[in-house]
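Single-structure report; data block below.
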Amino acid sequence: MRRPYIVMTLFVMLSIILASCAQATPPPAANLLEEVKNRGVLIVSSDPAYPPQSQLVENATRPADTKCSGDQVTGEELSGFDIDVSKEIAKRLGVEVCFVTPAWDLITAGSWADRWDISVGSMTVTPERMVNLYFSQPYYTTPAAFFVHADNTSLTQPSDLSGMKVGSCSGCTYDFFLAGTLQIPGETMNYVVQDVQFTGYDTDTSALQDLALGDGVRLDGVLTAQPTGAGVIDDGLPLKQLGDPVYFEYLSAALDKKSIKDSIPLAQEVSKLLQEMHADGTLLKLSQQYYGLDLTTAAGAFDLAQLKQW
Amino acid sequence: MAVETMQSYGPAGPDPDRSMGEKLMALEKRARLMYTLEVALVWVVLFVILTLALMLLNFDPRYVVEHFNFVLEGLWVTIQLALIAIAFASILALLGALGRLSTNPIAQGVSGFYISLFRGTPLLIQIYLIYLGLPQIGRQLTIMGYPQLGQMFTLTAFQSGVLALSLNYGAYMTEIFRAGIQSISYGQREAAVAIGMTRLQTMRRVILPQAVRIIIPDIGNQFIAMQKDTAQVSVMGIWELTFRANRLARQESKFIEMFITAAILYWILTIVSSWLESRLERRLAHAYER
Amino acid sequence: MLMNDKSIIQVEDLHKWFGMLHVLKGITFSVVPREVLVIIGRSGSGKSTLLRCINFLEDPSAGMISVAGVGVLTGPGIKPEHKKILALRLSTGMVFQEFNLFPHMTTIDNVIEGLVTVKRMKKDEAIPIGEKYLEKVGLRDKRDVHPIRLSGGQKQRVAIARALAMEPAVLLFDEPTSALDPELIGEVLDVMKEIAYDGATMLVVTHEMGFAKDVSDRIIFIDQGLIVEDGPPEQIFSNPKDERTRLFLEPLRKVQHL
């Protein structure tokens, strides 16, 4: 006798909750660019797992007047190339920058549920990612290069690694390059290394760690970003670069296609700002500061229109 | 020994039986002490071996010292996460257990479904779904015209972590609570009912206080397991212990240093937790000691 | 058995099935205030089940039970109101074979638990009442002790105090001495005797024929789920009308010196 009443009570309660919420006026519809400007804050995702693009700052103090919420990180608490680019974008938008630090997988998957506005995370433009994300004008390029153990003498050029044990991050562009399936809009691929025994890692730095254990112990080579490899060699890992870079990646800021508020205007605005930063030398200066190289000029010449995003 | 035993029966002492008892007690105490010392010695030896092994790892202690405070701050986040989540998990487990033991088909169905779902899927996927999936439901509700309700589905990373851990551990702990409640003899329930208590009063006043004592060690065990599973919430960018250690490790490729630092901090945390748990257990056992 | 307005317990045509097993096959009797009724019978005759049906520790399959003016009717398809059952339980106090004291509470807390939780009495009002009943069973000095430190006889006396503290209209005793060592039975029976002389209405299921003979006003003998004989102790023990009663009592006579 009582059971139908319980079910009915639940339904009635639920509908009352729904009804009471429905009476509230919906917020005015606006696009993401307007939202950012109204808010005065640009929320950028950047995992500080990738120095020198993004890393933690220890003993940083949060500015007292920050508009960042409790689970966001202020610009003071992170540093790196991506972080400086983010700050510059926010500055030119006239807003404060705040960071969130989710894992890389969550960023590339899209569907950010409006938790952050944009990723400035050195993300390579790929056709797969373009399904879920909008890409801005690239702000720099990354040469992809093979690294081997410093003790190795038998390998002289990348093609020598064919059929050997090669590691990198799984699901990233290096993985796809080794599988021979990488497509980079605006670039013709030359797959010089064939049929490797691939080992996937959570990040390519882990692969470099394994390579450093000894020549051929776990890996014969690692495919990674030239700056990443150079960085760990600087830190003392016994590795060396093998030959010239095998391809270049265009690295862009990315925005969620599935955000509630239209993200295209923000993507276009950020692209415009990045082109200005290419033009006035801001990005080149940052590139030389962090990498000692010009990684940006090619990115400035990239024709974003060929991606046909909007 | 035999001679001594004979002597203790002699007329010399005021109460020969008493001195015999004291002697036996002293021997027993000595044996217990020796045993404890031997166990401690094994620990020390194993610890030394572990330390030696670690020293072979090309370990840079200076890096640990320099960055220790920053990693340590993550420990507080870990403790907060685990404490809040174990509290919610216990509440969920209690409700789940009551549902499992209920004769009401709705309660039985809901709790059975909950346990099956959250024990049957990985914690990491639950974290992803709560962090990124829930807001999408909220978004649909917003589109349907319930923006305030929709907002409630977007939890912060910390809240998402607490929710995922609570739901996941609550499902596991349901069985612990159920077994604890069932271990209380039926006579206890009858005695309570016979003096006029309702089912709820019986549960609250008679069954649960006894069941809690029985399941405290299991809850403690789950708490310790959970402390380490908090590491999984770092995927949402919560700056807890593992996140900090991992990101610092990447800065200068000091993985061994940072991972060992994190491991030691987790280890200390679990040692302190189990010590607190055993104290609590002893306090609750008070009524059961003759 | 005639129903009359004076009776404090009325049981009418009570049936109990355990699955396919018909344990009580239509029991009818009544008890008047201040009466001490002892229920005897072989193991498995249904006497404990009868007692447990009176306060609904077992749900009767059919029949009517009324205690102190609260009547509950049950039968196939009739689900008695839970509120009525709670009211009925307030009119009955029960003492179990296995004592069933609450091990996590002190003696005094055991005794006042019903007063505080069920009767919503303030703790400092309940404590004097609890102490009074502990005094009654001679265990006032054990008020702050946990049950684990009590002997079996002491535990049962606390359990009696717990039942008394609720000041029920009727006391039900379900084999109160069966779990006790022989040397501890006496102290419990003495307490029960005293309560009986104080004028309590008692229903006692027991194998202690000495107690039945000396203390009871009336004895019911149950066999195979039916009341076989109902009468004053003198009649039951010296001149049973039914052959089955005589056969049940004959071997006990020798052991228990009746």
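Per-chain residue numbering starts at 1, and chain names A, B and C are given in the order in which the chains are listed.
Quick note on the criterion: a contact is a pair of C-beta atoms (placed from the backbone, for glycine too) under 8 Å apart; a residue touches a chain by one contact, two chains touch by 3 or more.
Worth saying up front: this structure is predicted, and the values here are computed from it rather than measured.
Asker: Can you list every chain that touches subunit A and also touches subunit C?
Answerer: Under the touch definition, subunit A and subunit C have B as mutual neighbours.
Asker: Based on mean C-alpha positions, which chain is nearest the centroid of every protein C-alpha shown?
Answerer: B
Asker: Compute the centre of every chain as the mean of its C-alpha atoms, then state which one is farthest from the centre of subunit C.
Answerer: Between subunit C and the rest, the longest centre separation is with A.
Asker: Report, in whole Å, the distance between the mean C-alpha point of subunit A and the mean C-alpha point of subunit C.
Answerer: 77
Asker: Quick one: subunit A and subunit B, Cα centre-to-centre, how many Å?
Answerer: The answer is 37 Å.
Asker: Taking the mean of the CA coordinates per chain, how far is subunit B from subunit C in Å?
Answerer: Roughly 45 Å, centre to centre.
Asker: Report the residues of subunit B in contact with subunit C in the complex, numbered from low to high.
Answerer: 185, 187-188, 190-198, 201, 205-206, 209-210, 213, 287-290
Asker: Given the complex with subunit A, which residues does subunit B contribute to the contact?
Answerer: 67, 69-70, 104-106, 128, 131-132, 134-136, 138-139, 142, 145-149, 154, 156-158, 234-239, 243-244, 246-248, 250-253, 255
Asker: What residues of subunit A sit close enough to touch subunit B in their complex?
Answerer: On the subunit A side, the touching residues are 3, 6-7, 17-18, 21-22, 24, 26-27, 45, 47-51, 55-56, 58-59, 69-71, 73, 100-103, 105-106, 109, 111-115, 203, 205, 208-209, 232, 235-237, 260.
Asker: How about subunit C: which of its residues touch subunit B in the complex?
Answerer: Residues 55, 57, 86, 89-90, 92-94, 96, 98, 100-106, 113-114, 117-119, 146, 148-149, 159, 162-163, 166 of subunit C touch subunit B in their complex.
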